[in-house]
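One structure below.
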């Protein structure tokens, strides 16, 4: 029996990397290892085929095969599937495949085009019509990547008018006030949305304090996200933030737009979660300097954790 | 007694160039000649210190001096003053100066910043508060230049909530459907806005047919805009469009973003309206090839007009 | 025996629309009709699966099927295939398929990402390495769509360093000076590039006069492009420009960014070239007002041609 | 005797805020307090009238008055003056005023316009011609704010061709590889540039390790920048990074684009450096939630420092 995401969903939905071998083909064995790694670190769910999953560099066949492998290994763990696509037919097709395999919902970002908010509204209505009202939708608000900024009002009106839009993946920046605005809208009668935060988790403690329900991002130390969110939801805010701050230097490093993916995959490889850190071309690659810089930050992170007794 | 623009304003408000001498100083004598030229060509008003008026390259003193000279020569002709500025204090200061000299209203574009429409709404409320409710405001909708796209809904709601926002300077592209949407909003109880069209008038006949009230742009043949709008408003649509089409090749040429200003000033100089075609650095300059190309289009335009018996 | 594009290629390479049925599936019969229509109008080649071909809304299977159908019907007509893709592996795969079917070359635009020109240079080297040196490449310079502006110097250096980059699809705007710069570079020892112009052909006469070799765009009156380019190449410049100007009002209308595709397909349908004007969602659709506006422009175009005795 | 910046300049050039009173007028007394505060914290220089200095919201008169007050109080401390302006005449005028008052150099960012790097090159040549070869220039590379990305090659070629361009204010992101590239260019015979890093200092330890000479940003704890840079330049890298990391949580908070200015000014006010945290409209303002969030981070920062025994 599939668990679907809903307006109360909370916790950490890790954005899964897509592992490749050094020659660039999909590394299916590493998918299994990666899922096990994420589960072991205590995540509440996974999001696959997102921007950081290099979904747009997969062929359609690969996308379905990757989806299949992740879903099978995930078992009962809820999986959100990124289905953003230039065409709604392709988007709907991937959505059907995902939901048939037991996905917990799909994530959609506004398509490129004139950044007028009425266009965005029209687009999401088209999407909802195409995929059917039973599929839970995550609205991905990531203007730095999509080029399409959206007001809090537009998001909450959409979520009210389309009950299936149950979650906001928040990654606007600066964006803290937006979380407060979406939360405050409940007092005005708008339905609650689940809010999970992306953007590399750079402001996760502040986001949790403003009412976010958790994180949806791909930091290569998932236990950092899990530990922060759990402590926050348990009301131990200072402890949560101390814990988070121990990871902040390397988290900030990994959060570099675009380039961060190569760092993330390298850490995952070093931690044994995937066999190769390869990204698909034209993806970022680490120079020797980048590599040494990362090694240093990894060592310093371990030292920070040791100091905290973790 | 000053005439103010209002929600019924129609006709051609020509965007005035700011004339410079070859050494780059403001050419005040040419301001007089230019105003006379525009008046002689039958414009209904002028807009000064706009983007194409190189206002942002003037010093504050120059801006006030240019304003003063234009206003004095304009006499009874209504003058809208572009007051967009990074700061609201400066904007309000220039607005006061303009209105004191008898301006018909001011034109404001959204400032740069996150392109969320709720930010734009907040900004225009701040502007209206700062300049006072008696100053008529033109909302300049030019996302290609400002980087801030705005939905029709946002514009009509602002115009309803702030009665002083009486006019839309329309220059979104593609933007024909937006004119239809703003006009259609009157059926839903929103107050009428005057709509004057910019963007070099590239779609003026189509815009008029959809309910625009005229043009607000700086084409160096103002009589082309006047003749087109007058014929349209008189219901002679085919004649209007034939007339417009005779100018279309050179109008399209002048409409090139950024570069067009150098073409426009060169034509104005050739027509005797200003003494020099100079733009202020870093402004566009014509190469020999550009010059010859323009000469050819000018000659072809004259031939087109002769064919129409004009 | 396949003809490949080279540094001397000239004429009109029409950007082919991809026809869909009203329910959104690929209309293969209309592909045949469309190819016949283009051939009948005298084009020198075709470019398929470009931005205006909605390639990004096709599934991978559809893309190959569309490619196959176009290639078969095209026969000896040279066909350039748009292969731009977020991933180089997918790009190379489609390139191989296209070249195996007898394509004349492939067209590649810079991928999104930091708009630094050294990144663009690195990207094109990666692409050329991946597809092999025997595949002729068209550099598509369309910053309005890609978000990646590129200097003339970068283009000519790339074309010198990678001899297979034989053609520039020019659609920067303003961009006339860029054509002059690329042409002038030959005097400095850079190899000649073929230059075909896109951007809806809005400045085609000016582009030809500056040394362009023809057009590569999708205007729904291909004979307008053919007739203009032929007359230009034959040295009959005034006649070419008169001919072009007869189409200019509707050409300018069709050139509206994004929205123009719906106009283009509607005209192609009205002319019998395709069965339906449908675009794939989220594509533009004509309102009743849009439709009437277009009808009027079509009728006026016919009248213009009649006046010219054509 | 004025000290000019040169290709060896190192240390911390703090970006100075411009203090306003609560009613929005310039607070000249706070300028004095602020300069004293910066000096007391050990900065090596100041940069005034930058983007974070709200220079674009000052009137021309105010700009000169602010410049004058800062310069007088700064005494022997080197002061770089931000002179970016839409027009080169205004830029040159402010440059002259600044240098006459004893400025150490001026900072210039590429103007908005087509983001082609050859345009940027042409622009900087125009600027250098206009201000004269004796004025040291800082190239501000901040594409997130200017919309104009620039390659490392373009920067080093410009600095070679215009010897007065002695410093790079580095704030591209991701941008670490760019620092390495500029430094590596010295091996290829390009002249050394001083590199000071902006962007809120988010990656300062990494930037120093790659060869940057210091920081040029406005963090409200200047002693954090000074302490980090000094330790780095003294070769005590781990100590420098430990020290930096104690500030990282609040530094990251203040670094939020646009909004961060309100946080910065609030901290400066709380520390007694300025009388009011006001920004000029349309500037950011803190909500009650923002204020509490900041208080918490300030308290946590103090606790971190206490732990380090500082």
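Here the chain labels run A, B, C and D in written order, and each chain numbers its own residues starting at 1.
Here is the rule we use: a contact is a pair of C-beta atoms (placed from the backbone, for glycine too) under 8 Å apart; a residue touches a chain by one contact, two chains touch by 3 or more.
It should be emphasised that the depicted structure is a prediction, and the values quoted were computed from it without experimental measurement.
Novice: Going by the touch criterion stated earlier, list every chain that contacts chain A and also contacts chain B.
Specialist: C, D
Novice: Farthest chain from chain B, going by the mean of C-alpha atoms per chain?
Specialist: A
Novice: Per the centroid of Cα atoms for each chain, what is the distance between chain A and chain D, given in Å?
Specialist: 34
Novice: Based only on mean CA positions, could you tell me how far chain C sits from chain D in angstrom?
Specialist: Comparing mean C-alpha positions, chain D is 45 Å from chain C.
Novice: Using CA atom averages as chain centres, what separation in Å is found between chain A and chain C?
Specialist: Centre-to-centre distance between chain A and chain C: 37 Å.
Novice: Would you give the residues of chain C that are in contact with at least 2 other chains, written as numbers and ranges?
Specialist: 114, 174, 258
Novice: Show which residues of chain C lie in contact with chain D when the two form their complex.
Specialist: Listed in rising order, the residues are 114-119, 143, 149-154, 172, 174.
Novice: In the complex formed with chain C, which residues of chain B make contact?
Specialist: Those residues of chain B that touch chain C are 173-174, 176-177, 180, 202-203, 206, 209-210, 241, 245, 248-249, 252-253, 256-260, 287, 289-290, 293, 300.
Novice: Residues of chain D touching chain B in their complex?
Specialist: It is residues 24, 54, 56-61, 85-90, 93, 111, 113-114, 122-123, 126, 130, 147, 258, 280-282 of chain D that touch chain B.
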